[in-house]
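Read from first to last, the chains carry the letters A, B, C and D; within each, the first residue is number 1.
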């Protein structure tokens, strides 16, 4: 074992929290979370999670009053409509823009503005709500990225600690450690390089980063929620959607992200997972945490092949992100809130009986599962099967290796049984990938040595991941 | 006599060693390098582009072909210079200020290199001044800009203005691309070229150089 | 009886085409329609209907190339994504902008551009599609409106006849006859004036207008589809949403619109009804025509209180309208298409069994029905009950009178049984409205005489509705 | 002695005959018309506005109060002129060019009349020139514009420019409203006032006149 191996759970496998399909439904998680002003997540009711961002606008001292006015307009519009539509509760995510993490005071100021408005709507109209703050991971603003020191890291750490005092109820991040290598792997459909990025580097960074975040949350009494492999698997999803890489590779990238994203929960995060972490169902199955998901009503942010199936076992339902542009009816964030509210109503009505929830889940699943391998790997029964295989392994690297191998095997079997459609131009790729996957060494040190030599010129700093310089 | 069809196939299939070997043999036998380029290598890359646009090839296949092409070009370029053939062109490329996305930009850079262009890659978060200075310094014909965020797109406009402000209008052409960028936006800011995909970008760059 | 009385079905009532709740489900209409390139509507599959419009942009000779480029960008984006998402069929609605009806050649040119693109996608990718052309009703560009002659009417008639030859497969309209009076009634919550506008004037105009439209469609071999009381009941819906008028009044305005919209089908229209005609379920119940509806995925165009229930018995599912603005993922029309495609997938998957369709319909219904009287009057069982009462009357005026009376009675009863929530500030209004409704005379001529004297100064021309000048 | 509280109640409840009768009686008894207006009628309309904004009143109730107010004002206005009191103000109102929506505009017009303003309603589809000419001709202090379409909003900007171009900047104030209109848009085009509802529009108009 490498001295720098990051797993928190020691060297043994995990027993998944959910093992039966009957218990794998939306709205219910084994470990519900209470947060904010009367919000409970994962205890029977799916809650809308609304995210918004600025329209094209430079963020600087001169534009700051406009920036504040924009956020104020957005949160007012969203809270007002949430009251009118009588949502059971509202989760708002504020993802900072880079200048707001580099200058954490700015991020804190907008956090406070949002929290105050939400508190006012709670007081006056009884709107239950919680605010999730998601600072950017700005560490790749220098290239190669510097992960554990420097002004970018310092800004992030400062904002982690300011989150609670500013009014945030939950802390999250879309962390990027290992992405610089994974990107190279994706573009070249080079599975080995991808595994090195997401199975070796990323988990080491996750352990470092999330240990810090969990400590900050405990000190300030807020919820350490979750992370997302957005920079990895969603990059793959978007490239596949643009037909730049095979969909099969994007499906593999998704499941390969599971061990990396698990690390946050192993070191103390408790959920809900981030909306754009489509690996969420695996987190829910393995760790029992509630999850946030996004799909058809996040089309404003991503086109996707998993518009309905993404909803099958969600606990929060999100629009991912939308800019404050004017649509015919209202500003786009208000429009998103309305769509999410109706989506959640439908799920919650159906879930008045347990059979209703499984029926709705199965329809959401059947809608997409057979049309795309990325949808297939979100099929609840497939998730449970692959999650069990992944969790059985003791370390993030071995879990990633297993994820890649098992996913390719499962997709190949499903394709043979016509359970999932693989585009004609992709079939040749499955065999190529399987050969590479089967050849991944069992010994992590051996793999690291091999990859460090292969990637000697690659734009990353091994020491920033706790490897020798 | 060397089998030049093998050169075409090597580039098409992204077999770099075979491409190099075929070029070397042909050069040794005195085949005109211009002919190698125009009749075999560029048509092979055009076919690669066609296969990509027809959804038969994916980006990884584009890239290995571009790399095979690049390797072969390195052997040819000195000969081309000797014969006085005009080089294809120089491109300064980067992702605009405030934007840290590099996948699309890297892909276009690789394809341009595969297309025979000399590419100076400034990386991400590139200021308008940096684009213009480098283009001047290196004598580039084209500045190629990428942006993935609607918030950073204005950097493209500023750069086009900086090019014009430096008196380089018409001498240094600008081209833009990236998820939120459209032909309409290009027209609006006065950029000379636009492409919504990497193999199209090579075509646009060729047209701009030919103008 | 007034000599100008417009009903086509003579002086007797109608027998509703659907009388049992079991037969009142989405995707299935008693009289399906085949149109365009392989599209069938109402025969078991819900089809997305996509509508788009220009971003802020003057339409004139100088901007014409930009206008064309915009429509071209929109239709390409939509068709491409429709192929990728494998929609069963695509209905596209092109609603002209006023200059395109005033200059019908312009409307025809864009129609042709859209039709050519759709035909190309059908040929190359097998995309089934049909194009619905909706010329504007421009007759109120002069005030008071001139309904039966003049340059505006001439432009409309010309475009009706150019629709088919330009490539449209269906013709529709959002006609406005009587709106000028109904608006006055709405703002003053004056039910008598509203009934005069929608129950006396509007049906007369519908008969005149639709006789012309049906003739144009028959001559050019396209489908005379349907109309909408948008200018009446959706104006009410928006005013209620902004809390300017009581929701109860908006609910009454909706049902009061039924007899008026029925006229189109009585003189030969065959559906699908227009998306924004939320009175559609009544058309389906009474006439058996397929209907297009819009709800949560039309939030880009209207906020509404009927986001889910609107879907309960739809045959096409629409986004109403969206401008071609850029969102983070793609242009807004493409985003809408994606949302509609996933919505339809879910409905169609659930409808693989008849029990599935009724189960889904009932969940969509339960989601909204009790929260707002406007949602309540779309409850399928309520629709069947009120539709039967309305259809039993012999003339549009008597049907409107009955609609108003029966709706108020039904809402009052439902409120008493806690089946629908009436806001506290509205309860006093129900009694006021009921008194007015009960006092409406049975004799239409008597009502006309009374209202003409009351509205002697109102901005409308009685002779434009076939009444004496 | 007349019961002036009855005047307040009559306006609040929209009882036009009662409001007129109360005013007439008070005037006959020699009560200062300025006092009637400031102490009873305007406070009643303010209360109507408050009830509307608190979602207790609906628009129909606003309108009947505005009509009661208007009727009562017609009796008072000549007396106010006699006493040399400054009239509240004149507003030219309309929906901008290309836009045919009139519900919102009609409502604001009625509320302004209820608020004591003299209102010249130009209807719908009003050109910038027409707004400016009328304001000049009638000596209006305010041009109030409505638009319901994002496509017609630019007509507001053109009208503001026409006001400035006619040398009326500062003399004739502009105010705007309508579904797609925001405070940000008002700032952007340099309009002097904005309101997103009819009773707010009266407040804005008063402030503009007071400036």
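In the analysis below, contacts are C-beta pairs under 8 Å (C-beta built on N, C-alpha and C of every residue); 3 or more make two chains touch, one makes a residue touch a chain.
Only a predicted model underlies this, so the values are computations on that prediction, with no experimental measurement involved.
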Centre-of-Cα separation between chain D and chain C, whole angstrom:
35
Length of the line joining the C-alpha centres of chain A and chain C, rounded to whole Å:
41
Note: chain C sits from chain B at a C-alpha centroid distance in Å of 52
Could you list the positions in chain A whose residues touch two or more of the other chains?
323, 328
What are the residues of chain D that contact at least two other chains?
150
So that we know how the chains sit together, what is the shape of their touch graph: line, ring, star, complete or other?
other
Which chains are in touch, pair by pair?
A-B, A-C, A-D, B-C, C-D
List of chain C residues in touch with chain A within their complex
81, 86, 295-297, 299-304, 307-308, 321-323, 325, 327-330, 332, 334-336, 338-339, 341-343, 345-346, 349-350, 356, 359-360, 363-364, 366-368, 371
In the complex with chain C, residue positions of chain D that touch it:
55-56, 58-60, 63-64, 98, 100, 102-103, 106-107, 123-125, 150-151, 153-154, 197
Seen from chain C, its contact residues with chain B in the complex are 69, 73, 326, 328
Which of the residues in chain A end up touching chain B in this complex?
54-58, 97-98, 140-141, 143, 183, 186-190, 235, 239, 242-246, 323, 425, 429
If you look only at chain D, which of its residues touch chain A in the complex?
150, 180, 182, 184
